[in-house]
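Two complexes come next, and they have one chain in common, chain A, joined by chain B in the first and chain C in the second.
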Partner chain A sequence: MAEPEKNFDQDMEFFVDMQRCISCHACETACAECETNGQETMIHVNYVDRAHSVQTTVQVCMHCEDPACANVCPADAISKDSNGVVHSANTSRCIGCSNCVMACPFGVPKKMEAAELMMKCNLCYDRTSVGKKPMCATVCPSGALYYGTREEMRKKRPNSDPVNTFKFGAQTVHTKVNVMMPKGSKELKVH
Partner chain B sequence: MAYEPKEKNPPNWKGDFPIRQDEATHVTRREFAKFLCLLSGGLALGNGYVVLSSFAYPDKELEGEHLVCNTSEVPVGGMTMFAIKGTKEIPYILIHLAEGEWRAFEQKCTHLSCAVVYRDEVKKIECPCHNGWFSADTGEVLQGPPPRALPQLSVVVRNEKVYVTAFKDTIS
Partner chain C sequence: MAKLPISVDKIIENYGPHKAYAPKQGFHGHADPDKLVKTHCCFCGMQCGLQLKVKDNAVVGFEPWMEFPFNEGRMCPKGVARYLQNNHADRLLSPLERVESEGFKAVDWETAMSRTVTEIKRIQSTYGNDAFAMLSGVSLTNELSYMVGKFARVALKTANLDYNGRLCMVSAGAGNKKAFGLDRISNSWVDLKHAEVIMICGSNVSETFPTLIHYIWEARDNGAKLIVVDPRVTPVARTADLHLPVRPGTDSALYGAMLQQLVENDWLDHDFINQHTSGFDATIAAVKDYSLEWAEKVTGIPAESIKQAAAMWGQAKTSFMMHARGIEHHSKGVDNVLGCINLVLATGRIGKPYCGYGTITGQGNGQGGREHGHKCDQLPGNRDITNPEHRKYIADVWGIDEKDMPGKGLTAYEILEAIHRGEIKGLISICFNPVVSLPNNNMVREALEKLEYYVAIDFFLNETARHANVVLSGALHEEEEGTVTSAEGRVIKINAAVTPPGDARTDASILKELAARLGAGDKFAFKNSEAIFNELRVASKGGTADYYGITYERIVKNYGVFWPCPSLDHPGTPRLWEDRKFATPDGKAHFNPAPYRDPGEPTDKEYPVVLTTGRVVSQYLSGTQTRRIGKLLDQYPEPLLEIHPSLAQQFGIQDRDLVKVVTRRGEAEFPAQVVTTIRSDTVFIPYHWGGSKSANQLTIGNLDPISKIPEFKVCACKLIPLGRKAPPVSESDAYQSV
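And now, the complex of A and B:
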């Protein structure tokens, strides 16, 4: 088997700061620009509480250590590479069953009904594998999305801590992507 | 932050359908070509061995007479099977064709070595595998895929006992 890609910078990590999202949809547009996505965005901007607030958050694939979407895929379409990136469904295998959509605790995969395919973020693998930053992170004006080293992040946000451990009831999920939380946070409990 | 598999002993089906790309086995074109070369090379060597060994150890003609059975044991139109002890143990069939007419042939069809049987109702030898038919008189091919006649033995009847010897063509 081939050696893992050496161009992928293992020190670089993805950070999401939900509070900084200003609903500009630049990340969505940038993601859809990518030719490999076929003009479809794989990152989603969601309203937190549409009736009462204009606050939005971004939803990017968390690239779980043990991805539920890949585990439940009956067609073996979702795979994880040696860099920890969970790839979008292999279109030649995806049967559009939506198992991954229902399994993901973060609600990331979205099924493209028109194409009967699931599409999700693959951490801009075409870019990150050659040392570039993901599209969405490069265009985000408010810093809600950031791709860089943990050291850089610590300097930028001294009062926040990146968290990549999530508790969904009894289940603990470790991810490759970090969410910025108040300083001292070790894990995020989702009930 | 290199990825480590969470489970050390995943269930068997996970091995067949791994999530991780580096756990998935991929047969490259080069590996497949190598396998084909080795396989065909092995087959060529095996065929060469068969040819060489047939030259090195040619079949010896049967020597002497060998007792098969008593004449009373095989009725007219009947067939029995035998092998000659102390030889390569080739299976033979002995056919009681008519009163006093006996034939002995190898039981292996010359096509793919299926066991042939004598069909008294048509007075022919049948290979049931691929509908091959041989003459019960001379062993020559009448129909079907067999390429050669059945090898034959001469039958000698003496003192109510049936013996076989190497076949001698009585006509020529």
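And now, the complex of A and C:
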């Protein structure tokens, strides 16, 4: 296959609206279709507390402005590109040490034990770099995942605001991926 | 015929279901396919547009089809993973013949066809034409539905033809015909987005029609209020402004009480009622005593919630009412549907922008499949098989004498009962798996064992086809061209992506050859699917389901055409009744009294718990296709018994405990899932599995007197905890697909 033309649209952002998730797992099934994932999904849908609710949440790489996973990688296997995408571990460099797994405040990277390799979402770079949308956001039937411009999102969700500032105690993390919060929200305090 | 030729385990070993995680030939060509074929999903009534990746005459993946207007690329997990059924290891590649004690052996088409036709002739000459029945399904295209109806009446010459829509939305169809004279949702889904209030009755939309959820969420962005009637807190009920957790089997009491509230508060559209409806007075007289307190007692829904629902519904300016199997699968399914329609008519919110009403069809061609004549009481164009004028018109199209056309036959469940009684001796089925999908399926299995000859047209050896004398290897969805009609009434094009593998054939070619061997070849000389569609168009002309103006070319150009479309210059009809001319003889919409009555099998001391059934998002109907796709089975590996903690406590049941569920029809064991998201008097089991995990061993064959739909959604059961935990999922029979 020819090298994809790099046509990444920097105006496009990724939005997650947990309230709309209907636990259908279409995102997981579609993510596994990505050419670079080897049929593994890099997004995960989890029940919050199935005994009392059918609410699920999606866990996807937040593509941090200053990614802890890359910062702690002893092998320089994880890189962030000029588009703000934090890429999955470079297979020729990753030593499977799991530092990134432990460092990520969102609990995203997973070590694939069989491959001795860290894998995580790279924002469907095979698609986004040629002007398409990531597979998970394309198929999401409920709009819990959306890939588009901030302006489009503002029109679609007049009662919500996108938030990409997270407080983990004293640590503040800014991300490329937004979560939808009630109107007026500026940040999300995790604990 | 006798029991299975060899053990179930052996059959499964040979023919599955086995789980596929990758295309048979690997992912070769996944990234660089030969072509992308625009088509639609093979599963539910949403019929999402998608593209199949094809390499070397095999489907190797999917790509979203962003331009198709209904779903704009959005998909559910079934649609994404459907490509894994193509070239599946279980795929039947040639006809099979039953060999006692040995199983099935591959035979050539000549052998399979000649034996089948010999047996049909033998049975019909011995017992009469109606002793050979046919069962069909609405995963078939419109062309095949039409062809099956014609085949049964013209080639097989039997009255006993029915279809698996009988298990789906026939209650809605019967209600629609009584109220409107026509059986279709009133509007395209687009009107949903701007409705002020949306009421969903008995539909787990989020799991059964996930791509429709986007329209509901958009409506809520626009300020819509959402009312959901469901005994469970489903993902769509979780977010509702008002969730009404109805006791299964009592829906019509709720709608009656709401109607009474509309009258009491004068939330009525008097002009619409006076000018465009009939039957209002008799209908409100039937509910005059339906107080909120009475309704609370019957339905288990707090009176205050019913009052609030009536106020939300009554005071809105625009609204969309929709329902599905939750209210239709009842021995009074038609009454439940009419109860909903009465609320729509009382407020006059139909045939207007942002107002709508309709059922959400569960099967892929649930809408189209109920229009073209493979129902026991119906001819193409939704014509009535007992109406002399209708019979004459279709007989002329078919080139036969009207006197030679069989009359009304038995419905699906009644056909199995007649087989069980020994009155029907032979059966041909296509695209129907009654051993899993019919209620009281132990009776169904016994019935199949009594047949003298059974021939199944199928692409996998499903639980029913295992009983066949001969299996004719038919085609998958992606192997045959045609059209289907989505739940919103949009006629769309299915494009063949690949040809059938091995010696498998298209269903159309199989029916065509059988017809020829039965002496009706000249009536089935169709060159291709478009030729069938063109005859269907003529056969539908002038009927209520008029497709005459729809052509393949127009469908492709316009991303589908909404019926009715009576002429080539007609734009199609996304929104019905804008002219206020209903399809009833008097041109008015009809109110129909829908008084409450109890379900067929109320709970008692011996069977104190209500059992209800339904679907999960990763499986489709009897699971013939989806239980063969590894990713989908992994997502929800085995049927679970959902039970409320308070009911679980009464029986000493904890999460993952193995529980025996017993009804008057059978018993089966399921792991418990203890959750507060279900009524405390009701348990729920999904019905997609066969064998020992089949929920339909337990359900009841009470039929609605009008629609003859079975009462899948409510029966009485008792629970017996077995004192041990369920085995890990990886060891579960259901996960192994037995």
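Details
We take it that the second predicted complex is superposed on the first by the 185 of 191 C-alpha atoms of A that agree within 3 Å, B and C clash if a C-alpha of one lies under 4 Å from a C-alpha of the other, contacts with A are read in each partner's own complex, and residues count from 1 in each chain.
Note that in this section contacts are C-beta pairs under 8 Å (C-beta built on N, C-alpha and C of every residue); 3 or more make two chains touch, one makes a residue touch a chain.
A quick note: this is a predicted structure, and the numbers were derived from the prediction, not measured.
When both complexes are overlaid on chain A, the residue A:28 reaches chain C alone and has no touch with chain B.
In the superposition on chain A, A:55 makes contact with chain C only, not with chain B. When the two structures are aligned on the shared chain, A:70 is found in touch with chain B, with no touch to chain C. Touched residues of chain A, counted separately for chain B and chain C, are more numerous for C.
Of the two partner chains placed around the shared chain by superposition, chain B is the only one that A:83 touches, whereas chain C remains out of contact.
Contacts of A:143 after superposition: chain C is touched, whereas chain B is not reached.
Using the contact criterion defined above for the overlaid structures, shared-chain residue A:13 touches chain B, although it does not reach chain C. When the two complexes are laid over each other on chain A, chain A has residues 1 in contact with both chain B and chain C. Residue ranges of chain C in contact with chain A, taken from their complex: 21-22, 27, 30-32, 61-62, 64, 66, 71, 73-77, 79-81, 206-207, 210-211, 213-214, 217-218, 221, 233-236, 238-239, 617-618, 631-632, 635, 645, 655, 673-677.
Chain A contributes residues 1, 4, 10, 13, 65-67, 70-71, 76, 78-84, 87, 176 to its touches with chain B in the complex. Residues of chain B touching chain A in their complex: 1-4, 6-7, 17-22, 24-26. Across the complex, chain A meets chain C through its residues 1, 19-26, 28-30, 32-33, 35, 39, 50-56, 133, 135, 138-143, 156-159.
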